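The chains carry the letters A, B, C, D and E, assigned in the order they are written, with residues numbered from 1 in each.
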């Protein structure tokens, strides 16, 4: 999984029918020092994450094991809202 | 998923039989500022996207959950035409 | 999928039994301007592609949906020989 | 698989129900000379690894074959604690 | 698949039970000119490859189709020992 920060949202009217009702978040990955990495990922949000929160993202076919995603063409899902990240006994992030 | 811009098309006569009737789009990914990223991806289009539109691309084996793709050797599919992308309450893209 | 140019072949005598009879091509990916990208990929060829042709490559577990590949440990397959690539209404490649 | 060093932990209260009881480690990959590579990966720990240990990480859908992970949305798992890494008959790491 | 050179081995006592008896090789990928690429991959060896040999590596869930690997958390496997690599009718490698 990767640690990412929620940056925004994507809205689409014309899409695969199975995507109805799926909230899509724009994420940016965070490096080992807590800095944003260039680039983005769009992930399905099943945990109610909000902008600026740090979350855990699962990618690939295992993302389907998120509730109700098994038959959707989703290759990334937010699976947790992060409370704390600790690196070498130092707090990198606290919600 | 990744946000991408439709750049063009690929045409092939001699191909895996299961690819008959599949429209193949040339895409370029878009970075967190809306700029095109070098490189490309070719994806099956099941939503009728056109050149210059921004779309959402799903990659890997989950792409098979797009309609009628389950038994095709397709590792990327356009799953939505994007209406808006909002980052930090700022509009990055509007169709 | 990715657009690639066929550069050569790999030959192996001692291999997984299920790879018997599979032709293995050395490919290099092509960027959005038609230039070769450093690095390579080796893919199973089921469409009879030849050196210097441009082809479409599918990677990951979906590559198994190529004919007769479902039980082989193949993570990349040539699924089409490309006739034309058109980007922004400009021809990037014509066979 | 990749060789990685355990750097820390991630704690989350609000998460996919199937993640209950899964310990999440922050890892950094190690290069061919034993140096840390920028970036991180978060993996489920099923072998009881501790901070600063070198471990083996499996990613993608095969990570599900770790005990009790088959229906969890986990795309990376620590599958072994490394005793030794030997490169060109030279010891790169010894626990 | 990727072309790689066998560089060494990884030994682990404490690991997922399903990894018992699996030989783990440290590999480095080779570029289109035959030079080693920075970084490494660890792969299960089912073909008896030795240090300095060039091999073919399959990654992702298709690696499970190697003999006896279907239920193991292995995301990379050596599937062939390479005899020759030919690029543009020039020999890049001969065993």
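Brief remarks follow.
Heads up, the rule we're going with is that a contact is a pair of C-beta atoms (placed from the backbone, for glycine too) under 8 Å apart; a residue touches a chain by one contact, two chains touch by 3 or more.
These figures come from a predicted structure and were not determined experimentally.
Listed by label, the chains that touch chain C and also chain E number zero. Distance from the chain B centre to the chain D centre is 32 Å, each centre being the mean of its Cα atoms.
Contacts with at least two other chains are made by residues 59-61, 63-64 of chain B. If you draw each protein chain as a dot and join the dots that touch, you get one closed loop, with every dot joined to exactly two others.
Tracing the ring of inter-chain contacts outward from chain A, first into chain B, gives the chain sequence A, B, C, E, D. Residues 1-3, 31-32, 37, 46-48, 56, 58-67, 77, 79-89, 92 of chain C touch chain B in their complex. In the complex of the two chains, the chain A residues touching chain B come out as 7-19, 24, 26, 28, 38-43, 51, 59-61, 63-64, 71-76.
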